[in-house]
Structures are given as structure tokens and as C-alpha cells.
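One structure is given here, and the rest of the page talks about it.
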Amino acid sequence: METFSLFLVSPLMQDPQRIPAHDPVEALNAEYAQRSPREILAHALSQPGDIAISFSGAEDVVLIDMAARLKKPFRVFSLDTGRLHPETYQFLEKVRQQYGITIEICFPKPEAVEAMVNAKGLFSFYQDDHKECCGIRKVQPLRAKLATLDGWITGQRRDQSPGTRDAIPVIQADPGFSGPGKSLIKYNPLANWTSAEVWSYIRMMEIPYNPLHERGFISIGCEPCTRPVLPNQHEREGRWWWEEATHKECGLHAGNLEKE
Amino acid sequence: METFSLFLVSPLMQDPQRIPAHDPVEALNAEYAQRSPREILAHALSQPGDIAISFSGAEDVVLIDMAARLKKPFRVFSLDTGRLHPETYQFLEKVRQQYGITIEICFPKPEAVEAMVNAKGLFSFYQDDHKECCGIRKVQPLRAKLATLDGWITGQRRDQSPGTRDAIPVIQADPGFSGPGKSLIKYNPLANWTSAEVWSYIRMMEIPYNPLHERGFISIGCEPCTRPVLPNQHEREGRWWWEEATHKECGLHAGNLEKE
Amino acid sequence: METFSLFLVSPLMQDPQRIPAHDPVEALNAEYAQRSPREILAHALSQPGDIAISFSGAEDVVLIDMAARLKKPFRVFSLDTGRLHPETYQFLEKVRQQYGITIEICFPKPEAVEAMVNAKGLFSFYQDDHKECCGIRKVQPLRAKLATLDGWITGQRRDQSPGTRDAIPVIQADPGFSGPGKSLIKYNPLANWTSAEVWSYIRMMEIPYNPLHERGFISIGCEPCTRPVLPNQHEREGRWWWEEATHKECGLHAGNLEKE
Amino acid sequence: METFSLFLVSPLMQDPQRIPAHDPVEALNAEYAQRSPREILAHALSQPGDIAISFSGAEDVVLIDMAARLKKPFRVFSLDTGRLHPETYQFLEKVRQQYGITIEICFPKPEAVEAMVNAKGLFSFYQDDHKECCGIRKVQPLRAKLATLDGWITGQRRDQSPGTRDAIPVIQADPGFSGPGKSLIKYNPLANWTSAEVWSYIRMMEIPYNPLHERGFISIGCEPCTRPVLPNQHEREGRWWWEEATHKECGLHAGNLEKE
């Protein structure tokens, strides 16, 4: 812990322009690579600085439940794109009330939304691909939020996306969202868990879940860009299904794509 | 016509602070009081200045259809509160494509939305009443849009709301949204029509309609604040149903309340 | 008709106590024509012989509620065609439990159903018209049930169907379903009520109703042959909508058609 | 068992050509145990006597598709319990039309249905367990159908049900449904396939499927007794979920239970 705090402050101070080098975060990742989600999360929540859980309104609710059981203070934020399912808004509220937390909403800027929609309508992503819309409704608000944070905790898992998430570390530097003079650390406590393990946790602990999961949805994002999958179909096929089958990221986890 | 144009330009010029007096708009209203929706709309669209149809994504689509048949240029705007039904977004897009028009979206400001939601959650209106949320998601964006316009055209009808809409004129000054030095005129071409007449028009002309109307919805607003009504139930009972039965306005038509 | 009048009058003449004399049913109808649904129902339930309410699983639930409040014993039967909405089965059960009654189900014969379906599939009514299927799934089971009864009570109203129900009496002989040597009396306590009155009753008395009524359905029959209607659309347009707009009866109330 | 073996062996011994000898069905099963579904199905359809595919309206549609591609005549029957989902009735019709086949419907007897429902209501299975209702609506009609057949082909798989289906042979004698003097053979061409293999077939061959599979349903039976499952939940948990987790069979495949 000592070591890490040391690292976090000092090496970066020496060269604030640089994103941290090969060693310290990677070393930490190596140390935690085989630890449980709970241990990784406990480590993240014990770090100095501002750290928050990114909650998508889906099965990453387990992060909130684990954090609550750790009895440490934690922050949670969610990206409200303005196009979530009614069920997702209801679920966010249910989680807020059940855990007695504030969910910090990140909302897109009207100028950007209006310019896109007025020019191309409300469903331009079906023609253009989802990059522009995700950029405006998710990535820009996320970037603004991350600029205020030192670390963020996500529910990403290796089994979620063929091609883009199969090598996710449990702890990583996040240069894509690091600002000048500041390094952002990204924690993925569920990286090693499978979907089956997450759902076992949800069902055993009787955690609230998004009711869309009872209607064939596995992965959940914006309403127009999410659909249920068939039995035995990979969850990622329920997202941006009109696009090519692999390499699907909304841009929140841009590093996953860059690595390939 | 002459008279009105005269009025519109000259008297206001004389005293830009004042909201237009008893006579000219009222005279115009008296002249058009018994005219057909089409005639009132044609009059509105022939006025100088910037005038736009306010489209809610419901049965006021008849205004767009009538405007298109008049073969005059017209503008359309909609308030995207970030909480509309998925079906309403789809319907807005369908109308945009079918009529080949731009629908100018008015989107709320992130600061206001985030402050309210972070403090009170996503459904505070069920506790507080709908005024704060409508204020942030509808009235402020509308006010910003109306500040750029000289007139707006709405689908309001007398039969829509017991207590608040039973005396709507077909043409009225809209002091509530007039800015300093500028008078805003509000046109209500459907004021005299009944719901039955609007729906006869929709069905006879085979106009696209919001698919929620096939699921028991009559009046349509934001998703959490709209519900279907039972057979023979007044349409307004499907809006903000947890509040008192009359005097339901979201604030877009604030003048309706002030008059009482 | 000759034969029928003969039958209708003569057996009854032998026992004038049983049903009041001299085209006695018409006289009775004249007497009750302006009475309230409750009074007509009370009269029906006080008659000797076997009398039962025919319950369709829709807003005719008011008959059951009225009967329960009259504190007289009453019987209820329903036609389970094998193709009702899941919501209607649930509603039948809810009514059964709430009023503590037996709902006598009339189920179609497998030979008839199998012969029709094997030859033409499960949706032949969309090609052929609904007569054959209604005949097998509704009229034959009804006929078998009515053969055991002296009277039946229906929820028919004059405002339900343009062309077929606009002259429904409150009490009538039902020659179509009378067997040899037996006259069947049909009571329509709601004949004079409007849909609005029925729904006022349901809402004021807080009676359970079929949840389909919250989804745009007014008239409710079999699932494939019922659909929601649009605002201001006549309820009968939600039934057998692929057929001609008037003269829609399933055969339960065949007399309505014969009279025209 | 003694009696049965006696019966099973002796009549067949008289014509050893018909089905291979010396506990001939087991020998046949051994021969086909590792064969493909297509080969097992081809064998079944080439047998003399009356043989039919039992189609449940779910993913066993692959049997119909395979049979159609084999270009041999085949029969199909389905149990219409009177309580299937509207979507299942639609799917049965779609399959009937797409493959140009007759689907022989087996419908329950009114006396049995009426007696149960009048006594206990339409949802007695939630209290009693599902045995009585399945007995009346499924097993009796199946028994009547199987009495007319020499063999039936099912879509059972080992992976479908923990505890009851994990040792299903590909070909087996079906003493439970054999009548006096007649042996019934049951073919399970998909016994060795996994759910994933069935769904790969459906998607690759672009076979029509029940739209409930797009709404979280995997196993599909009667509407009140089937529900969607959560991600990673076993499909059998979507059937009779109020009962104990293993040993769930409706009685169609009673032999599966007897063996344990």
C-alpha cells in the first residue's frame, strides 16, 4: 500500500507529462491478478484521491453490493445518455434507494446532442455506426467526470466481448482518459469472473437486478442499441448488432481497442 | 391581415417593454375563432418572423400534416426531455422521414438535470410534484427556443384538460414566454376540435401516429409521467396521475393556469 | 316463426305462474324496460329454474358484482375457447377468488377443434371469417350449457355494436337456444347502460377488471380476434377487424342478427 | 417389467426383420448411440408403421427442418393444452405454412378440463403441483395419440433437465405408452446434442423459431407454467418454478422419472 501511494505520487511528479511507465501499475496488476473481486475492490477503495465506481445499470450492480459490504465509503456515477430504457432508469433509482447512495449522473451537453439530432435525426447510429452518438452521449460526459477523478472502477470482464476484452488486466493505467499532469488508474475487479459467477453472486446475495435481464437481455446499454439475445447467443451480439461482430466498444474503454 | 401585420410591427415598436394590449391579437382571435384548423394554421404560417410548430410526438402530428399540405415552408421543434418513451423517439424519427423535415430538438442543460437527479434521484416528481422536473427538462429548453421565435403553433385543444384548457383561444399573445422588447404570438389551430375530430383526421388521412396510441395511451408526455387510461377515462387522467385531478399543466402553457 | 310462437306461447300458457302471460316475455320486457340494471338483475335472479350469468371476462364483471351485492345465490359460467388471453384467464381466476364463486367453464369438444385445426391451421378465421371457429369454440359449448338452463343473463348493451345491438331488449325470449319443449329467457340488465356508465360503476365500486383494459382493449374476446382500439375508435372495431364493420356477432347472440 | 420384456421380445421375434433382435431396441440404441441427429431421424422415418414427430412449439422445430430436408414423408403432432402462449400458436402456424405440413393437434377432453377447473379454478397447479393439470391437458391427449402410433420422435436432450434427462437413449422402447399387444418405440435424435448445438443449427439454417426465445424464454411449455430465465440460469428453472428444482417432467416422458 505504502509502495503504491509512493508510486502514485512521486514518479508521476517527476514527469507529469508522461503516462506512468512499464512498472508500477503493472506490478500492482501482477500482484492482484489472481485476487478476488472483493480484494481488488477493497484495494481500489483504500487508495487516496477521488475514486468512483462506474455503474452501467446492468449486472455491474455487484460492484456496488461488494462495496457496500466492505463498509468503506465509495462513490458511484452513471452515464445518463438520455436514451436509456425506462427499466434502467427505474433500476438506477432502486439501487440508489436500496444502498442509500448518491448516483452521480453524467448528462450530455445540449449543443452536441441538438447538432447531431437536428442534422441526422434520432437514430443516425443505424446508418453511420455508433461512434458519433456514443461520443456525444457517453464519452464526452465520461471524460468530463474522469477529469475530476484519480481512479475509476468498472465492471468489465474478459468474457464479455470477444476480441476487445479478452486481455483486460485487473488494474491498469488509463492513458486514454488521463489528463495532462494526472494519471488515471482503472480497476476492473470482475475482469477474471465469468458471467456465470456474476449471476451466481446476484442470485445468492439476492441483489436487485435490472428487470430487462428477465426479458432476454444480457448486456444492457442504450435502448435503441441493445436487444435481447437468443439462447446460447453471445451477450455482445445484443449490442450494436447491425455492425461487425467483434471490436464492439462504445468508447468508454477505448484502451481495449488500442491494444489490439 | 393588413391590420395585424401593422400591429405586429408598429405598436410594439412604439413601446417594446409592453406586452401587446387588449386589442389587436384579441381582434385577430375573434376573427379566426370559428375558422377551421387549416385556416388558422395557414394564417400563422403566412406571418412574418420566425414561427414554428411545437410537436409533442402525439396526435398533434396533424399540425405537421396540415402544414405539409399547405405547401408553405414551416419549422418544427420538439422538447426531448431525455425521458420520452422509446416509441416516441421512434415516432419523431418516422415523422421526420415521412415529411422530409428537420425536427429541432430542445435538450435540457446537464447542470440542471445533474443537480436535481444527484440530489433527489430520477423520480423525484412522484414525491415533490412534477413542477421542478418539468421546469428543468421542458420549460427552460422551451423558453430558450421561444426566445428565438416570434410565434409558435401548438396542438392544444379545449377538450384536453378540464379546468385548464377549456377557454383556449385560437390566437393569443403569450406574455409568459415573451422576452423584453418582443411579443410572442401563440397559435392553437386545434383549440376548437375535439379528440374525436383529431382522430378522424388521423385515420382518414392515414397519418402515422405514435404506436403508444395502440396501447391505451391518449395523452403522451414523458415516460414516467404518462400512463394508459381505462375505457371512458379522461385522457388527462393519464398524466401526473398521482397529483390532483384538474389544473394539470407542465408549464409549457403556463398562461392557461394564470387565467384562472 | 309460426312454429316458434306456438311453442313459446303454449307451454307457458299451461303454467302461467312460471312466466307472466300473454306474450308474457314482451310484457315483462315492457315492465322492466326503464328499470335499473340492478332491478332487472334482481328480477332475473328471483325467477324459478336454473339461471346463470354468462361472464366473458371483460367489463361484464359488473353483473357479478351486482349479483353479489344482491345477496342472492347466483351461478356464473364462462366460455373457455382455448384461445383466450393469458390476462383473461388470470382475471377469471381473480374474480372467482374475490367473489368466492364457482365459474363454470364450457370447453369445446376435441373432435371439432382437431378437425378444424388439422385441416386449416390455427388461424383459419382470418381467411374464412370467424363463423366456423366461433361455432366450434363458443356456440356449441354455449348451446350445451344453455340446454341445462331456463334463463341466462348477459352483459350486452345497445351501445356495443352498431347494427346488431342497438335494439336489445332488457328481457327477451331466446328462441335460438331454446330446446324442444323448453323456452329460454335471456336477461340483458345492462342493455340501456352506456360504456361510460359501466366504467363509472367499475371505478367507483373499485371492482377488479381485466388488465387488458389498461392496454387499449375495450371489447375483449379471443386473443387472435381481439385488438386494442385507437382513441375515439368504436370498441367493436377491435373485434374481427378484418371483416366488415357492422354485423359482428360471434353467434352467442344470434338473435341480434336474425332480427334485422 | 417381466411382462413387458416378454411382450417386447416375443411379438418382435416373430418378425426379426422388423426391428433387430435380442433386446432389439437396446441393440439398435447401441448402434445409433453415436450417430448424428440426422441419421437417427432418417432411421426412424424409414421404419414401417405409423411414426410421428412430437412438436412442442419450441426449439424442437429442428426435427421438422431435418425431416423436411430428408425428403421423406413425415407426420407431426402437437399437444394444444388450451393454455399455450399466443406466440406459440402463431409459431405452430408459421411452421405449418413454411413446411407445408399438417400439424395434428391433440386437444384435451372438455369433461376432464371442466371438472378440474370448476372445482379448483384455472391455476390449481400453483397449489397442487402440475401433475393433475398436465395429466388432463397433456398426458391423456398424448396417450390417445400414441395409441394410434408405432413410434414417436421427440426433441428431448440430455442437457435439458438435471436429474431426469441425463441418461436419455437415442432409441428406446416406451413401455409407459405402449398398449396391450403393441410396442411403442421412442426416438430422441437430439439426445446427444447440447442446447448450443441446437441453436447453432437454428441460426445457421435460418429456421423460424418461437419469438418467445427473443424474450428470455429457453424451455417453452404452457403459458402459466413457463417463464423466462435470467442470464446463466438453467432452462429448466423456467418451468414449474414453484416446485422443487429437479425431477421436473410433465409426464410426456414419464420413463425418465421411473428410471431413477
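By letter and in written order, the chains are A, B, C and D; residue numbering begins at 1 in each of them.
Following the convention adopted for this analysis, a residue touches a chain if its C-beta (ideal position, glycine included) is under 8 Å from a C-beta of that chain, and two chains touch if they have at least 3 such contacts.
Nothing here was measured: the structure is a model prediction, and the numbers come from that model.
With steps allowed only between chains in touch, the distance from chain A over to chain C comes to 2.
Here B-C and C-D are compared, and the pair linked by more C-beta contacts is C-D. In terms of their C-alpha centroids, the spacing between chain B and chain D amounts to 58 Å. For the pair chain C and chain D, the distance between C-alpha centroids works out to 39 Å. Here the CA centre of chain B is 44 Å from the CA centre of chain C. Chain D has no residue in contact with two or more other chains. Viewed as a contact network, the protein chains form a single closed ring in which every chain touches exactly two others. Residue ranges of chain C in contact with chain D, taken from their complex: 80, 82-83, 85-86, 89-90, 92-93, 96-97, 102-110, 113-114, 117-118, 121-123, 141, 223-224. Interface residues of chain B, counted against chain C in their complex, comprise 59, 195-196, 199-200, 202-203, 209, 213-218, 228, 230-233, 235.
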